[in-house]
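Single-structure report; data block below.
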Amino acid sequence: MSAEAVVTSGIATTLELSTPIVFGGLGGVLSERSGVLNIALEGMLLIGAFGYFAGAAATGSVFGGLAVAVASATASALLLAWLAVHAGADQVIAGMAVNLLASGLTDFLYQAIYGFAGTPPVPGMGAVGIPLLDRIPVVGASLFEQSLLTYVAFLAVPAVSFWLFRTRAGLHVLAVGERPEAADAAGLGVFKIRYLAVLASGVACGLGGAFILTQVNSFSSDMTAGVGYIALAAVIFGNWRPRGVLVAALLFGAFEALQSILQSLGLSVPYDLFLAVPYLVTIVAVSGFVGRVRAPQADGIPYVRN
Amino acid sequence: MSVEPEAHVLGGESQVAPGGLSTGATPTTRGERRALVALVRRGAIGTGGTRLVQSAIAVVVAFALGAVALAANGISPWAAYAALASGSLGGAQSLASTAVQTAPLLVASLAVGISFRAGVFNIGAGGQLGVGALSAALVGGYVHLGSGIELVAMAAASLLGGALWAAVPGLLKAYTGASEVITTLMLTYVAANLIDYAVTGPAKAPGAINQTPQLSGPALLPTLVANTQLTAAILVGLVLVPVVWLLLFRTTYGFRLRMVGLNPGAATAAGFSVRRVGVSVLALSGALAGLAGMLEVAGVLGSVPQNMSLQVGYTAIVVALLGNNAPAGILLASAFLGALTAGSTTMQSAVGVSGPFVVFLEGIMIGSVVGMPALVRAWSRRRRGAARKAGAR
Amino acid sequence: MRELQLIDIDKRFPPNVQACAGVSLTIRAGEVLALLGENGAGKTTLMRIASGVTRPDRGLILRDGEPLTLGSPRDAIGHGIGMVHQHFMLIPRLSVAENVVLGFEGEGRVLDRVRLSREVEHFSEKVGLRVDARRRVDELAVGEQQRVEIVRALYRGAEVLILDEPTAVLTPTETDGLFRVVREMAAAGKAVVFISHKLHEVSQIADRVVILRNGEVVAERPPTTPLGELAALMVGRPVEVPSRSEAVARGQVALELSGASSSGAPGLSEVSMVVGEGEIVGIAGVDGNGQVALEEVLAGVRPLSSGTLALGGSRLERVSPEAIRRLGLVRIPSERHRDGVVAPASVWENLLLFDLHRLGFARHGALRVRAARRRAEQLVAQYGIRCGSVDQSVGELSGGNQQKVVIARELAAEPSVVVAAQPTRGLDVGATAGVHESLLDHRARGGAVVLISADLDEICQLSDRVYVLYEGRVTGTAGPDERERIGRLMAGVAA
């Protein structure tokens, strides 16, 4: 492989691997900034992936797939929101419930619906080149020859960041996630805001799941394979900021890309140990060994109005 | 008063006794049972008896929703559930298979239950189980000691491996305030990757398959009933139930552990160290989870494979919740979920759906258990409201 | 607005706390109204009702004669009622400007932070409470945070400003500044409600003083009323018969604190006291004058920054809860639910909580459950704890019985010194009598008791001698019959 090809494929792979982490991570940021701990990212991504598969198979169109992906992941987010916000359930357990449900339900439905008939073909989402930019030497083909969803993910980062930190609605989300009782006293609807924030994380995970599916165009059980937990790691490592999530996602993606390149170059690398790095980095981050990260103050604590 | 542990990264959620995880003592007297009934009526929750009712309702809800899901896909729920029952309870083979599924789950759930009792959220039992399995497989595969001693050495290795793996989050929580929810969860994935690294690299057995060396003879748990998979693993589990009960309710350590879990403030005022209990309980919980891994590898799998399923760690949370973190409850709940898993194979051949359906049921159960208090509250409020309206008229 | 009337307000918190019982109150524009009362007298609840945070069970709120419906704090703000809570309702990680405008950002989806900051700063200068709008709230000192709270209430158009214990967190200089602001606001035609239990402050700032006790208005007085009278109105109870027996011959010194200082708000400063065997020493004082610090210092939970603590004549070198307990000092904590009982655990487990090893209920790490339960049953009978069985969880018992569990456990340890902190707070008359009896028994057996109580009647009824705490210092000692003098000392007036 030429050096140029290595760089090109490295960047392309990094972006591909980062995309679902960015989607999941943005979902995590939205939900946790409002005070709802979200360990259900994995399950919501999985439901999104299955949703795309089922929707695209049924309608034969990409947009049908995307619509069902977003709708189904948002429905699972609604369940999480109900448990965590309304029922005041422990949010860790509520998240586990959604993850188990997602893992079981998608696989069950896949068996039940397609088990006998065999896997139907689903329309995928090819790479979309951006005119002119994709002709830039070396980086053009990798940066600007991506799935539509990758562009969406990366453009969503500044958009969510702006929304969260520069708009009125964003200020309300932050207030609710920091001190719900103070937000309540200021007349903000704590429950409504938390519901909406969790639902928004469902939308993001729907898109992320759809992306995961369109990478292979077929569904398999638990196909998200921990991406949701890496996204959670990115949320924490990124200090609950969209830009931080982006950096973390690129870092985690690049790391994985690096090892596959090294492998393809015939260098023996402990592939699996490479994969563990994002998790280890996150443990280091929450332990505050290098620049402590800080969760929103009310993250994970149900709000009870007296 | 009291020296509070450093602020937790996750907004202190690990300090509050987990809302859904009541650790109240099991009711023993008639007076208490009566009080419990009153509590149920008032819509309050959290004590043993109420939780038993809740768990039962959760199971019913799960089966009902499961039936809907089956029917919606053109599968007869009746046929599916009949297959599930016959595959888990119908005949010696089925029962044996239920016991096989139950053994590691039971031990892992006891591990989770102990940590919940202390108000510590070990949600990474899967990872500790994996490390325990790997430790046991390495000892069993490379160190040959002869029958009897071999298994003891493997068990010791798994206990130690699991304990060390879980002690890391314990120490991090005690000294840096890092939430064990995140660290145990993340370490589960690290464990999965570590296993895959080991079985593809340094600990790979000769041959094409990526796994640790196949265990044989003295490194395998003895079979109890000929021509079944039933091994002594289930005996280990059954022995551990009273042992854990004794530990929790008949030792001073268990007393400290429970008091810290129920009210860290008063426990601190009484001179118990919340930190020390936190670290030791995670190590203990990890050790048990590690042992569950040894039971799986020496009782069922025979070696640690690539992509070993660590799902048991999550199922154990469901079991602990359904069983109200009480050893006897955990025994019942793990036998129940073990039966579902065992029966799912029969269900597969009968109606074409299997394991995932059981996981789906588990998800509904856990959701129902934690969501139920809110439903009960809403229901009793509505009823009270209706009564008030009726009274006004 | 000319006046805000609260009429016949009732509020009950389940199971049995009557926070407000038929309270009526008029708040007039241009005046500073002080609400004076002990902790738990219902002041805060009443004002939370007026500011829409809490809903009353019954009662009317009228603004210039027109009834208001206050479903939320936002409703109250809409009617010009704003409250500065004792625990500030600020969001630490947001800026001052963001906190001030939160929920009232004006038009537009996008926030113009520069414009908002400028606006907030202009506004704050206009009302004479300069704040740096761009700083983050968690970077501010407590006094500045309070300023932000007041600015916020005014920014939202408050005509009635309620301040809940506003000086609790302030230094004397900051307090002077606050008083100036309060006076200016009243002069500008606003109504200010000043919740406090500090007598001299009330007499300094108020135009009118309304005294609440047990959820009822007991009196209204001008600020010129003698402080002793205010103190008596605030803490007094209707007639009660003292039941203290004749003085027991005082024995040796059981506990001695000399020159003790500690951290806290307020902490102790240079407190010295001596408690002898066979006597009850009362620590009188209005809540929040160092009682918590004293309690925790004596229990070994809060370290001394200077000074010494001696038990049974020997000075403690290393003060720790365990060491103190071993030397025979036990505590009935003021925060029962936090420090005293493990509510979900059973009666017998709670009775076992301390002294597990010393009492011999641990044998090689095993818990001797049967012996522990037997002892628990004895204690239940001996102290008349009403419970279904020793297996019942303490959380299901009444407050009085929970306190009995604590007292039984502590006295069963056969201590030489009992530190009883607010031992009858929240208990009914019967339970109170039981607690008093236990303490008097201990004294009769030659034990020493330190009774920290904000209830002056209780102090006078039980104590052999009284120390008065004021702002973390002992301002004087008195005999139990010198009520007036104690009242003056409690008010920080030289006696």
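Each chain carries a letter (A, B and C) given by its place in the written order, and its residues are counted from 1.
To be clear about the criterion, a residue touches a chain if its C-beta (ideal position, glycine included) is under 8 Å from a C-beta of that chain, and two chains touch if they have at least 3 such contacts.
Source: prediction; values computed, not measured.
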Centre-most chain, if every chain is reduced to its averaged C-alpha atoms: B
Most remote chain, CA-based centroid, reference being chain B: C
Pair of chains joined by more contacts [C-beta pairs], A-B or B-C: A-B
Chain centre separation in whole Å, for chain C relative to chain A (CA means): 48
Inter-chain centre distance, chain B versus chain C - centres from mean C-alpha coordinates, in Å: 44
Interchain centroid distance [CA atoms averaged], chain A/chain B, Å: 28
Numbers and ranges of chain A residues touching at least 2 other chains: 297
Residue numbers of chain C (touch at least two other chains): none
Touching two or more other chains - residue numbers and ranges from chain B: none
Of all residues in chain A, those that touch chain C in their complex: 166-169, 171-172, 174-175, 178-179, 181-188, 297, 306
Contact set on chain C toward chain B in their complex: 296, 299, 301-302, 321-322, 325, 333, 335, 338-346, 349, 352-354, 356-357, 361-362, 365-367, 369, 388-389, 391-393, 396
List of chain A residues in touch with chain B within their complex: 37, 39, 79, 82-83, 86-94, 96-113, 115-116, 221, 226, 229, 232-233, 236, 270-273, 275-276, 279-280, 282-283, 286-289, 292-302
Of chain B, residues touching chain A in the complex: 9-13, 16, 18-21, 69-70, 73-75, 121, 123, 172, 176-179, 181-183, 185-187, 189-190, 192-194, 196-197, 200-201, 314, 317-318, 321, 352-364, 366-367, 370-371, 373-375
In the complex with chain C, residue positions of chain B that touch it: 1-2, 22-25, 27-29, 31-32, 34-35, 46-47, 249-255, 258-259, 262-263, 265-267, 269-271
